[in-house]
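Have a look at these structures, which come just after this line.
Each of the two complexes below includes subunit A, the first together with subunit B, the second together with subunit C.
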Partner chain A sequence: MTKVLMKGNEAIGAAAIEAGCKYFFGYPITPQSELPEYMSKEMPKVGGVFLQAESEIAAINMVYGASGSGARVMTSSSSPGISLKQEGISYIAGAELPCVIVNIMRGGPGLGSIQPSQTDYFQATRGGGNGDYRLVVLAPANVQELVDLIIEGFDIADQYRNPVMILGDGMIGQMMEPVEFKQPKKRDLPEKDWATTGTKGKRKPNIINSLYLAAEELEEHNKKLQEKYKTIKENEVKVESYNIEDADIVIAAYGTTSRIAKTAITQLENEGYKVGLIRPITLWPFPYNEFNKIGDNCKGILTIEMNTGQMVDDVKIATKGRFPVEFYGRTGGMVPTPNEIVKKVKEIYGGEK
Partner chain B sequence: MAVVFEKTKGLTDAQTHYCPGCTHGIVHRLVAESLEELGVLDEAIGVAPVGCSVLAYKYFNCDMHEAAHGRAPAVATGIKRVHPENFVFTYQGDGDLASIGTAEIVHAAHRGEKISTIFINNAIYGMTGGQMAPTTLIGQKATTAPYGRDKEHCGMPLKMAEMLATIDGAQFVERVAVNTPGNARKAKKAIKKCFQTQIEGKGFGIVEVLSTCPTNWGYTPVEALKWLEENMIPYYPLGNLRTPEEVE
Partner chain C sequence: MEERIVVAGFGGQGVMAIGQLLTYAGMIEDKHVSWLPSYGPEMRGGTANCNVIVSDDAIGAPVIEEASAAIVMNKPSLDKFENNIVKDGKLFINSSLIEQKAEREDIDVYYIPANEIANELGNDKVANMVILGAYLEATKLVKQESVLEAFTKVFGENKAHLLPLNKEAIEKGAEAAKSQERVTM
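And now, the complex of A and B:
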């Protein structure tokens, strides 16, 4: 298949349609509005539905209804809008429904800015809404990967009956790159016999619900959810690593910052430094075990993010105190440059080599 | 022996949790009978709210969703857009529909979603223990209005049916009460017309049902029916506000 040049936000829409998503409920917010715009144009052509909801809250609850009645469905927003969706996301996770939620992150807190950031790492990987639940969180670093993860994300959601979040930053959403649309590895997806489609007089009513008034029942439900999350942790970790066995310093970065880190690593290698990279592709489940492969000669881990150090906690859990964990980040829509990263790495080395 | 009465197939055999004298039970039966009589029970997908009728998904004998507080019309929108051939309804109280869920109900009506809403107005928050609702009457006491609702402080009670009737997409709007057998019969007629509006693809329909809450009002069931008639009906007049021509 030939490659086409697409903007990240539009590529998300095309990938979703490729994955068989026929329903999109959204609300405008910068920097992701190209996605609902694209869907409003393309969904009618494939017999699907695009609906602009009255709010992000309504949009996610439409997703809850559509998913519960058996559809492949998606919504998207950016940080403040994703905050509004948390109520619905918690219900969807509690009722064990599949869907794909896209967060094209912008600077925060509050109204923040419209510039790219990675400030919703905690919100995405720790649940975000009320209760003990997890989203599968996928962090693409380029538009091709964004497309691949959207398509696979629908399958992951269906396989585990769990919401999947695509965590991109404004940079990924706005950049144009060549992409092709490929089907992911085939998964054995369960029938949606739980969906509300009307009983047709042939079965008992199906009920979509996250309410368990009896404490022991809710505890059982939570145990079941935790068992599912354990299976996801065992099966779905995705990570890219580069030269971590004998690196002096390993950079940990995801999404846009991992690309900048790669440029910095090339520059550092040319100057004789041995720098590795761990790039989590799934932020939840986090690739903790990958950090075990780092060689003992490593002087430290440098986490780079467009926030004030939210992934640092996971990196510290992963390294179990084996190495010092340093952080470099920019916020507010500021993007770190390769030179800033080079300078920070040299600092950890203890100055110029 | 001739069968003179049978429980509708639209209700399950579950025992309801409603308080003695509460009129939710009557409205459940009217809704369930209407679903059965219109032949849409097997196609029906209902959405239960948060509030006293939070467990309605156990009582209606059809596919059901439990929604977040106030969001039932958005959930129903998602369902109906996926299954336009199915019959989709929401069952919501006044805290759910007239307070936290005003945006969702207004915009479902505004889009002319082909769904039907049963709106229980009992002028109070029942499930949480008798707090003031947007529909609580002036002077009526509630646990968060211990001196009685004061217009200067809280505004006048919200007339949802009248407000929704101003929206073009709301094709069927009627307010009924279930305080007497006669009113209950009229309520059922309205519910069936409301459902017919959806079946014929005419648009959004809502029936506001004036209902009692003896427990939180602090009355016996009989006193509560009287209080509804003497206090609620004068402020919330019964009657049809909108019907699409073909459904009349």
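And now, the complex of A and C:
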């Protein structure tokens, strides 16, 4: 298939349809509104359903229902809207239902701004809803990867019966890049024999539920969830690394911020500095082990985020105190520039190459 | 080669379209491309802009800090972006709406009366294509044919009947860039 130029938000919709998503429930909010708009136009063409719910809370509960009946389903929003969805997300995780949730982040807290940010890292990776649950969190850095991760995200969700979150920001949602649609490596996906599809009088009813009133039962349920999360940690970590074995400084950044870091790294290399990059693609499970590969001569790690320091906590866990961990961030919708990153790296060098 | 272009003007002047045509044309020529719009509240009646990168290599930051060229369709855009252009970069000024001259002396400046030329062609709306034509002539970033091929991809097949007018606008813009010589101040 030839490449087409698409806006990130529209590419998400096209990728979801390519993955067989037949249901989309959402509510508009900048900077992701092109996605529901695209779905409202395209879903009917493939015999799917687009529904603009009365609120984000309604939308996520429609996802709960559709997923419970075995359908491939997606919702999307931006930061404040994703906050509203947290109760439903916790229920979906508790009931072990597959779905894809897209968060095109904007500045916060509260209504914040409509400009790009990465301030929902904690919410996405630590669970914004109640209970000991985890989302698989995928963080694309360009529109092609966004498409690939949406398509694979539906498979991951189905394989583990777990919600998958795509964590992007306003920049990737709004920008246009060439994309092509490719099917991911085939996974052996289990039958959805748990779905509430009607018994036809031939089996006991399937029940979708996250309520376990007996403490013993809920503990067993949580143990089962933790076993599943362990398997996901073993199988699903994705990370991109560049030159970390003999770098003097390693930058850790994800999503669009990692691209800005790459521009800074090229600039620094031209001046003779040795700078590597670790770009987590899965934020949960976090690629902790990748940091073990950093060479001993490394002077420090610089984490760059569009927030005041969230992923930096995971970087500190990953480095186990082997290296000093520095942080540079912009927030409120401000985007760090390559020159700012270059300056910060030189500061860490302390004036010596 | 990496060309970093800022296109700016009032909402409605077609600056996003100029950017998309350049981006699509770059993709047709197998280059790496990205297009990033401003999407703040400023778009309602103020200035709008987009950042376009066309490169031989994979594109890092899609945000342009230092532009190799800027196309400005109104005065607020000139004020905002003149100082973001690299030394020896190019600046395309819509002189129909911007009376003031550029202050920089270390860049190449082209004064293109885009709206006047568009009006001569009978349609003020193609002013953006006029200045795009000037840009293409001055930089040779992508071929005119690629831009014309991109036209129906960006605007849809139902706009194909407007292709001859837009082609003419591009050509008039190119002539304007050629005839005025390079204005190095």
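Just so we're on the same page, the second predicted complex is superposed on the first by the 351 of 353 C-alpha atoms of A that agree within 3 Å, B and C clash if a C-alpha of one lies under 4 Å from a C-alpha of the other, contacts with A are read in each partner's own complex, and residues count from 1 in each chain.
The definition used in the following text is that a contact is a pair of C-beta atoms (placed from the backbone, for glycine too) under 8 Å apart; a residue touches a chain by one contact, two chains touch by 3 or more.
In this text the structure is predicted, and so the values were computed from the model without any measurement.
Shared-chain residue A:T196: touches subunit B; no touch with subunit C. A simple residue count on subunit A separates subunit B from subunit C, and the partner touching more is B. Judged by the touch definition given at the top, the superposed model places A:S40 against neither subunit B nor subunit C. Once the two complexes are laid over each other on the shared chain, residue contacts for A:M171 go to subunit C alone; subunit B is not touched. When the two complexes are overlaid on their common chain A, residue A:S69 makes contact with subunit B while staying clear of subunit C. In the overlay built on the shared chain, the residue A:P31 is in contact with subunit C alone; subunit B does not reach it. Overlap of the subunit B and subunit C interfaces on subunit A: none, as no residue is touched by both. The part of subunit A that touches subunit C in the complex is made up of residues 3-5, 30-31, 114-115, 170-171, 174-178, 256, 259-264, 266, 335, 337-339. Against subunit B, the residues of subunit A that register as touching in their complex are 23, 25, 49, 51, 53-55, 57-59, 61-71, 73, 87-88, 91, 95, 196-201, 205-211. Residues of subunit C that touch subunit A in their complex: 20, 23-24, 27, 33-37, 39-41, 59-63, 65, 153. By the touch criterion given at the top, residues 12, 41-45, 47, 54-55, 57-58, 60-68, 71, 74-83, 86-87, 103-104, 106-107, 110-111 of subunit B touch subunit A in their complex.
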